[in-house]
Amino acid sequence: MTAADLVALRRDLHRHPEPAWREFYTTARIVDELETRDIDALYVGSEVLGDDRAGVPDEDERDAWRERAREAGAREDILNRLDGGQTGAVAVAERGEGPTVGLRVDIDALPITESDDDTHAPAAGGFRSENEGYMHACGHDAHATIGLGVLDAVLESDFEGTLKVFFQPGEERIVGGEPMANSGHLDDVDYLLAVHVGLDHPSGEVVAGIDGFLAVSQFAAEFTGSPAHAGARPEAGDNAMQAAATAIENLYGIPRHGDGPTRVNVGVIEGGTATNIVPERVRIEGEVRGETTELMEYMDTKAERVLESAAEMHGCTVERTPAGRAPSAESDPELRDLVSSVASETTGVTSVVENDHLGGSEDATFLMRRVQEQGGKAAYVGVGTDHPGGHHTETFDVDESSIGVGIDVLASAVVALGDRAA
Amino acid sequence: MTAADLVALRRDLHRHPEPAWREFYTTARIVDELETRDIDALYVGSEVLGDDRAGVPDEDERDAWRERAREAGAREDILNRLDGGQTGAVAVAERGEGPTVGLRVDIDALPITESDDDTHAPAAGGFRSENEGYMHACGHDAHATIGLGVLDAVLESDFEGTLKVFFQPGEERIVGGEPMANSGHLDDVDYLLAVHVGLDHPSGEVVAGIDGFLAVSQFAAEFTGSPAHAGARPEAGDNAMQAAATAIENLYGIPRHGDGPTRVNVGVIEGGTATNIVPERVRIEGEVRGETTELMEYMDTKAERVLESAAEMHGCTVERTPAGRAPSAESDPELRDLVSSVASETTGVTSVVENDHLGGSEDATFLMRRVQEQGGKAAYVGVGTDHPGGHHTETFDVDESSIGVGIDVLASAVVALGDRAA
Amino acid sequence: MTAADLVALRRDLHRHPEPAWREFYTTARIVDELETRDIDALYVGSEVLGDDRAGVPDEDERDAWRERAREAGAREDILNRLDGGQTGAVAVAERGEGPTVGLRVDIDALPITESDDDTHAPAAGGFRSENEGYMHACGHDAHATIGLGVLDAVLESDFEGTLKVFFQPGEERIVGGEPMANSGHLDDVDYLLAVHVGLDHPSGEVVAGIDGFLAVSQFAAEFTGSPAHAGARPEAGDNAMQAAATAIENLYGIPRHGDGPTRVNVGVIEGGTATNIVPERVRIEGEVRGETTELMEYMDTKAERVLESAAEMHGCTVERTPAGRAPSAESDPELRDLVSSVASETTGVTSVVENDHLGGSEDATFLMRRVQEQGGKAAYVGVGTDHPGGHHTETFDVDESSIGVGIDVLASAVVALGDRAA
Amino acid sequence: MTAADLVALRRDLHRHPEPAWREFYTTARIVDELETRDIDALYVGSEVLGDDRAGVPDEDERDAWRERAREAGAREDILNRLDGGQTGAVAVAERGEGPTVGLRVDIDALPITESDDDTHAPAAGGFRSENEGYMHACGHDAHATIGLGVLDAVLESDFEGTLKVFFQPGEERIVGGEPMANSGHLDDVDYLLAVHVGLDHPSGEVVAGIDGFLAVSQFAAEFTGSPAHAGARPEAGDNAMQAAATAIENLYGIPRHGDGPTRVNVGVIEGGTATNIVPERVRIEGEVRGETTELMEYMDTKAERVLESAAEMHGCTVERTPAGRAPSAESDPELRDLVSSVASETTGVTSVVENDHLGGSEDATFLMRRVQEQGGKAAYVGVGTDHPGGHHTETFDVDESSIGVGIDVLASAVVALGDRAA
């Protein structure tokens, strides 16, 4: 693809942002592109996902998004391969003896309404989100484009080995990484590169290896008690509101751990019916994190105890539904050094940062750990891009010139890895 | 009206249930009827309401309900008198020298989806709610019908004095009583009767005077803090969720008062945006009650302090919006005795209960107190009706035969009051 | 006894205030007096108490108080009958055919340091407490004196029937009523009178029957977790402080009951070792009350659930020790009327109040209910006395002239009851 | 001193453990020794402490400890220099041109009852604590001994420069470091060594530089409301128990900070009077910590807001009394390297650890920062010692052979520093 093609692809994806397990248009568009490449294998939908998936929307919602994708021009035959919202794809190019190198890009979008201000490039340029209320506000449109661009560049290179490009769904809800890691496609990968644009790094800067991913586990918890008239018979109710309030207070009070940072948050709440009814049902959504997976699990175990006890205290039950999760992971120094070295010689790269600390969570860590557990190496690479608004805000945008830079750095890294023994 | 007319009217109202400040069809239908009577004055909309009204929905919602009423056949000229959702009506019949007697009936419905089971008479009989999600689940359709029936009966009687029938909106949200009490129309009323059907009393039973209304004050409170990424910068947030949870725990812990029963409830909650964002905004809706207005105000003052302090504790602000409210009130023994005496001689009445205790709240108390403060007397009369489901449930229904009984008892009481000195 | 003797006795008891299960001097002094009377039976210590007693102090403390009593002149042979702190006595006088009439007086004191101000009569008059830190601040010294005075008066009267005077220990901690009610001595009582001086009624006023006793149950709850260094290893602790705080917040939030007043209080707390140690142990003492025994038990059940769940939530255990308790009870109108009638004819009585409402708790209710459950009648009689300071304050005192009035009213009532059929 | 003298001194101090601002015997014993040395200046009591001291006990308690010291043989003339509990001493030895080197040792003990088990060496050896309830359970008896030993060794060496030995009171309550740091005696110190034995390092091991001190701030907070009878008039009280419980729940819920570890603990609570009284007063003691002083101050600011708001919420006031505190600090690598180098050549040292992480707090950091702020260097040196029980437990003890090792390492370091330019 030419630079113009890459921009056009990115803008097309930008116009069709889709959240977790609803990336119908996005997957179809990517697969449509991949089928025109000289690759050796192409896996789609259920072929790239292990059995358990969290956060799958109900059939009505899936159907609505699928229909929307169809109307936007997605190919029917590809949509048929995405049953049950099983989105995503893996492309494989075998180019002789050599190591297997993986590149992971994510493809999903966020439930944010995009700015329609004239100063917002997508609005001014006519490629603002057409799925009102949803937006590529974290650059995954650029990531998917980079995935295809790297594939093309490697196909044209003298790379020796096997390249696998992972187009992962559901990163924003951290629900896509785990099933893709369990799909088997990672099991022969010797080197895995994951990529993210921006993260407050300017265009021209490359971060060779990002660390400091907090392990995370999200949950929804629904407290169910019994309603009662709050004036006449308050004693007849089992108050789910009191249970939830007690749980919230005590979740935030889980003891800090001496071994490293931990986090807890209750981010969403909803429940009750009327001011004069003892609330029968209150639902909260929250998350716990830890610097390591063990620390996250410490928090998770304590959180479960708080939820259960708070329910019991008020005669309620609580149903806890696990939602997305992700472990911690570290970039391998060896791979980081290779990326650093390659980047410093790439045109358009004006600055190379060896290492940075994320402080948030990412489910690329599932794929990284899968590779590392099998003896492979992994690195999470940052590609700077000037972004006017912050990540996850309505004015986020990418500097499209950095797409080419990202492709050059990553393709060079892949080629360089091909020269290594597996 | 014949008994058949009364049933037809009740069923028509039943098919068009409307909540507070949206009683467009209901008011129009009542006014349409009233205009055919030989009465001396008819006040509608803003003419029957004082200036301050709580719980008024926004214009879009008002317009939607008004349009729905129009489509259901409401007269355009009457709808034009209900601007801003100012619903309700007062009919005045002057019949010579004598006291002014008021009858208050309420006309609004509840946000409950009506049963469509065959065993539910309105469903079987074809007069189930046509406003899906709303239902006359507390018998106000029968109340409005009784109001017209009593007017007719009195008009045909040898009553001497003035009769005023108050068709009050917004009782379920306890927002209609206060502005109607402040309209001036109550200021010359010597005797006020309010009526309610059912309340677990069977058909044929009449309760001469109901007491035990808890004074109530409802509120909405919105906590506003600052969002932050819960993983990377939890310290940068001001957590509205923690503020709300602390408020809830402490609202329920307001000290019980030695002088009589008090109540507090947080019935509704909603807020936050995502599991990984420190919640910026959480909204609660609640209420406090007391056996007397003073006790309710004690609770209200304490609740305000809890809300303010909980916000401060977490660096948030809280905006407290008063919603509906109602004072306590007592039925006057003298008036109760008259109703009892009249009821015991009314055909169809099989049992007379002198006095009962409500245990809930009702904003008829605003009208009752207005009358009592001016030296008049008031009583809240119960008219038994077999109801298959409880009040405020999807299978509530009234035994239509009790409509006639209620009319007979109340009309007889009005006539008897006419014989008294004002 | 002469009026002077009565005052001397009261002052002697006043000088030796003793709390629950430590009334060694008091019991010995009373028994010493009783042995000089012409009575038919005298029961002491374990003979007047059922098996289970709450709030018994440990042996060291009992021994210390016993030794103090001995030093103050208590008879050794009587002290030997009070093993294990089993204090109290019952005197029985049989005077021919007739009903059995009981009179219950309580004898214990409070852990309050008595005023030594010159304006405080006991200090000025030289009969201030000699047990520093303890005080007869609720008039039980007068009650015991009245008990003896009534016995003497009845012995001198033409009373026909049996009189039993119950000298009950441990009322202030509400631990004495239950075991005395279970002793068997109440089982043949036809009429029971209990008496209390003061209660904001002036000298000369008599309250024929007091009602409105709240049923009460006190408890101590000790939360036990695990300590840990709060700086280095906070996660290693199980925090009894958080468990207690959660329990407290939620105890105060137990839903109010629609059937009548309920109360809850956590009155005492103590625990932890140092600011830098996760607290291993926190102890609270509290109580629940209800207008009826059922309402109190409702609160008690909820409180237990809160305590258990709060402990679980923080990995702690909780040991709940029941302390004192008392049911609700009502004075019988028939007996109240007789007291009222007798009082109005008694010299020194200037005003008779038929009925008053206590609003607190009293374990005379155990004895009253025991009698009522067997078909007997009971009344709780108030004898007014001017008291400079409030009950349970360091300047409380009784107007000694009211002792004689109380004796006259109660003795007259006993004699009048003797004229009735059992 | 001979090794036997050192052991005798350590055991004498061990027999007389004294807590913060009550180190009368200890200071007197040290000063008595120092006066026999050929030193150039000796400062005692108020001469070694800045003006503000937290945690000073009241006069009665100070007098009791002073009297106990006198009875144990402390010199009257020295005790007279310790007015107001101003304990501690600084010894200065000037030995020609050269840098000023400081050595800080702490001298106070803990409120722990020492084991009297035969397996506990002090009990078996006859030097168990004679101040029942207090114990040298953290080795400060060995520290003070090391301080004197190093002074002697340096006096006998060819050290050129000035040596200052700081005998600091009140470390366990972290109240002594700040006033000593503000005394002026640190202001010309070029190199400061602080020392601690044990810390889970075995005899023979030396830690050249310890880091990871959490900054800490302790507080006491007393909530004051109004009492009321919990049965009759609960509404009349302002409940300090609810205020404290709300504060505790929310203190533990202060948001974790993204920049590094923070801690909060409420370690002690006490309050209320009786189960039936709404508690008027509840006192808590707690602390906040942070990896840096800034993080600690973040926690402190939030904690203050929680305390204030919780009090307001329940109509109470809160008085917050700062107690001990300490900043964070780091050992200087340069000084650490010197200690490491010297230690590795010292007889008896079998292992040298370059660096360790404490994870707790220490107010030597006040002295370290004072020196570092003036351009000097500081290191916190660990001297391993086999200790049968953990620090702050009743069976803690030191291996006395490590006292000599500590003296040798530190004296050698002082001498080596003398060879440097200031």
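All chains are identified by letter, namely A, B, C and D, in their written order; residue positions are counted from 1 within each chain.
As a working rule, a residue touches a chain if its C-beta (ideal position, glycine included) is under 8 Å from a C-beta of that chain, and two chains touch if they have at least 3 such contacts.
Since the model is a prediction, treat every value here as computed from it, not as a measurement.
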Neighbouring chains shared between chain A and chain D, ordered by label: B, C
Chain pair with more C-beta contacts, B-C versus B-D: B-D
Centre-to-centre distance between chain D and chain C (centres being mean Cα positions), rounded to whole Å: 51
Interchain centroid distance [CA atoms averaged], chain B/chain D, Å: 69
Computed distance of Cα centres, chain C from chain B, in Å: 49
Sites on chain D at which at least two other chains make contact: 232-234, 239, 242, 246, 249-250, 252-253, 255-256, 258, 263, 278, 359
Residues of chain C that touch chain A when the two form their complex: 232-237, 239, 242, 246, 249-250, 253, 255-259, 278, 298, 305-306, 308-310, 312-315
Residues of chain D defined as touching chain A within the complex: 249-250, 252-253, 255-256, 258, 260-264, 359
Touching residues (chain side chain C, partner chain D) in the complex: 214, 216, 218, 229-234, 239, 241-242, 244-246, 248-249, 252, 263, 265-279, 282, 285-287, 289, 323, 358-361
